[in-house]
Amino acid sequence: MSLNRETLNKIKEEVFEANRNLIEQGLVTLTWGNVSVLNRTEGYVVIKPSGVDYHKMSREDMVVTDLEGNSLESGQLKPSSDLKTHLELYRHFHSISSVVHTHSVHAVSWSQSGRDLPTYGTTHADTFNGDIPNTRFLTENEVATDYEKNTGTVIVETFRERHLDEMAIPGILVNGHGPFTWGTSAKEAVMNSHILEIICTMACQTETIVKDASHLPDYILKKHYERKHGRDAYYGQDFDILK
Amino acid sequence: MSLNRETLNKIKEEVFEANRNLIEQGLVTLTWGNVSVLNRTEGYVVIKPSGVDYHKMSREDMVVTDLEGNSLESGQLKPSSDLKTHLELYRHFHSISSVVHTHSVHAVSWSQSGRDLPTYGTTHADTFNGDIPNTRFLTENEVATDYEKNTGTVIVETFRERHLDEMAIPGILVNGHGPFTWGTSAKEAVMNSHILEIICTMACQTETIVKDASHLPDYILKKHYERKHGRDAYYGQDFDILK
Amino acid sequence: MSLNRETLNKIKEEVFEANRNLIEQGLVTLTWGNVSVLNRTEGYVVIKPSGVDYHKMSREDMVVTDLEGNSLESGQLKPSSDLKTHLELYRHFHSISSVVHTHSVHAVSWSQSGRDLPTYGTTHADTFNGDIPNTRFLTENEVATDYEKNTGTVIVETFRERHLDEMAIPGILVNGHGPFTWGTSAKEAVMNSHILEIICTMACQTETIVKDASHLPDYILKKHYERKHGRDAYYGQDFDILK
Amino acid sequence: MSLNRETLNKIKEEVFEANRNLIEQGLVTLTWGNVSVLNRTEGYVVIKPSGVDYHKMSREDMVVTDLEGNSLESGQLKPSSDLKTHLELYRHFHSISSVVHTHSVHAVSWSQSGRDLPTYGTTHADTFNGDIPNTRFLTENEVATDYEKNTGTVIVETFRERHLDEMAIPGILVNGHGPFTWGTSAKEAVMNSHILEIICTMACQTETIVKDASHLPDYILKKHYERKHGRDAYYGQDFDILK
């Protein structure tokens, strides 16, 4: 199979830029984070290489695999060790095209708490249509057999068991580990990681200020989510002036 | 009606600069914030466009409407979705010329707590002549009928019912949402947002250090407010050396 | 009386640089802070002008008075409104040559708590030989008669009543207001403000991590203070290689 | 004995760079921190000079001693006052080649709490194979006789008494003082200080979010530690592409 080089280069560029944006937004320390993009037409998954310094990697270092994780280019670096988690999400969340994982400080702190992130305000509701779930811990067997794949399995299970829509709540906290977010582009998935970090910071502060803080009333939550993401969304411009 | 182009350009410049200052002071993440200025002589309201990247917008992108929100220039971008909140404030707070809304982290955290911001120190008293109110939540009907306008209505109601002077307490926390501040210029309104963020940070810390922190005694509060804003204010220079 | 222009310019430079250092170290927001230096030989006090933007002031804007606060140059800007507090400290603390006041976030938060700052670690003990006192509130009468002078009076009273040595504990928290520090040079006084801000941050964190945190044992406190400031200090170089 | 000048210059460069990295990563305030490197072949210990401004020191200012702390170059600056602590660690931890000490804010806050740092997540487990110990306070006699050496002795004692492996837990919190970390190179030791600071931040946040936070299950802890540091580690590249 010969690769569609033009498409591939565009994806590599998108993944490379997104990884750098993680750094610029302060979401990544050292090498702890990764972005992947899936092109469903070609079946390419492009992801950051494992354990590589963000400041030294280039676009060409991005690693290409298929949806089963098989390398599609010879001589490339090893993919991020979390690749299998990304693949599991791509296999079950059919509308997503990008996954982001970070160890950003406040989202990890919430992940470690084992609690869902409550919807305390419109900053949350503008992007996430409800509380953000925290998974159960993986079992000893799940860790022993295929840890990274099973991390994805537990994420998917959490959405399915709670009847949540992964496009309406584009992120999750993995218990004892950290946040994963996704979207229809790397830019959107990174933005969701950024927003998740901020609303984790705010929620912790709010609970410090008042015990038993009130959830945002559901009709305000829906209003804010819908004015940005609903059928009649009116936030932003009718065209994307940024392009 | 032909526009007073010279005045308009000056206001656009003022609004544009103020929006950029929000970014520089770390008060705005992504596109979450907006500044407007009202020129009461001409009846122009200039506001940031909705959902536009702060780093890519130019002075010309600022949107002009009248006090009812009617567009005054053809072909312009859509105004900030919070425009109607700003207009409601301009209609009821007769001495203000600028409104600022942000999602700055600590002020949002307080907003989400539902509590007023207590006056714990002179940093607060130098700018705000007393506790900063937190509104009630909007009702389901208020959200359904005209959400953004009613946000302004609830702000005004809060000041009227509590007999507060909007010029002495130039800002408010909207429950579950975030801060709004105002002033007689964009520079002043932005500065008030900046100060509100800082005193929210301090108040949360103070309550972490000691339960049941003491309010600043009223005579010290008045002293500090008056030495900057009273009839015999003596803080600063007699002329504004910054101009 | 003709001024010793060479000495004066050197002091102005020292005060100007120290004020800029406050900004660089993140200790000052907006115009909230001031540094003064006293030259006891000439009787000159040089202080930052009141309410002036740190980024726009120049060395020449520094204001010169005598120890009674009388202006020594014609046509100069108004001195910092806190000048009288500085003068009161110079009159009673005979070995100090510089005073610094800021509204740095964590030191203000502690000031607002009304609590002394406990000595929890060697970071504190390296500079402050014991807990840092928090003053009482000024009385209504003290505020009404000569507020800024009486702020100094209360600081001095706190040291005298508790039998504290102002050279061993070169700073204080003024209740409901903020920190003042001092030293034998502007550089040292600014450094003390910087350190006070950091140990306030640490102490609050420590109390969040554990209730009833232990004071540093007195013999470790003394050891650390003495190895930097005692008769047989051995920290640092025998000469100041920074000069 | 003539010095191996080429080796020495390389170590000085390594120590100098590592000290600067501490600053860049925000781990050091003022002059509070030091890095040393031991070359076991030559018996050289190179360490930062005491109390010197990080921004003004040069590679040549780094101080060389032998393992007993005897100066190996004439005319050099005084070594860091913590040298003896470093030497004690080198004498007992036979596989380490570098030691780092900082007063980074969150690690000091935990040190002051007297508590061990619990393993709450994979961010911790990726580098530290279990909870990070907090030492006892030094006794009055230990402080009086040889304070800095005894600080090292207490660190070693803590590892020995608890049967901990210093290569699996490459750092410690010294009660009432601050963190020490180590590694097989200055780069690794500095990275461990960086990571320790981050996981201290996260652990404090996690405990703010939930009382009685759960330790990471031991099988997840081992999995994460082993995938980076175990015999069959698969994180990162097979070769170090950074070199």
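Order of writing sets the chain letters: A, B, C and D. Residues in each chain are counted from 1.
Note that in this section a residue touches a chain if its C-beta (ideal position, glycine included) is under 8 Å from a C-beta of that chain, and two chains touch if they have at least 3 such contacts.
No experiment lies behind these values; they were computed from the predicted model shown.
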Revision key, fill the gap. Contact steps required, at the very least, to link chain A with chain D come to 1
Point to revise | Both-way neighbours, i.e. chains that touch chain C and touch chain A | key: B, D
Point to revise | Maximum centroid distance from chain C, chain identifier (CA atoms) | key: A
Exercise for review: State the superposition rotation angle between the two copies chain B and chain C, fitting on C-alpha atoms only and giving a multiple of 5 degrees from 0 to 180.
Suggested key: 90
**Study point:** Homomeric contact chain A-chain B: same or different residue positions, threshold half
**Key:** different
Study note, to complete from the structure: Between chain C and chain D, the Cα-mean centres are separated in Å by 33
**Study point:** Mean-CA-position distance for chain D and chain B (Å)
**Key:** 47
Point to revise | chain C, residues touching no fewer than two other chains | key: 208
Review point. Looking at the whole structure, which two-chain pairs count as touching?
Key: A-B, A-D, B-C, C-D
**Study point:** chain A-facing residues of chain D, complex
**Key:** 120-123, 126, 191, 194-195, 198, 201-203, 205-206, 208-210, 213-214, 216-217, 219-220, 223, 227, 234-238, 241-242
Revision key, fill the gap. Listed in rising order, the residues of chain D that touch chain C in the complex are 29-32, 49-53, 56, 77-78, 81, 103, 105-106, 108-115, 137-138, 140, 143-144, 147, 176-178, 204, 207-208
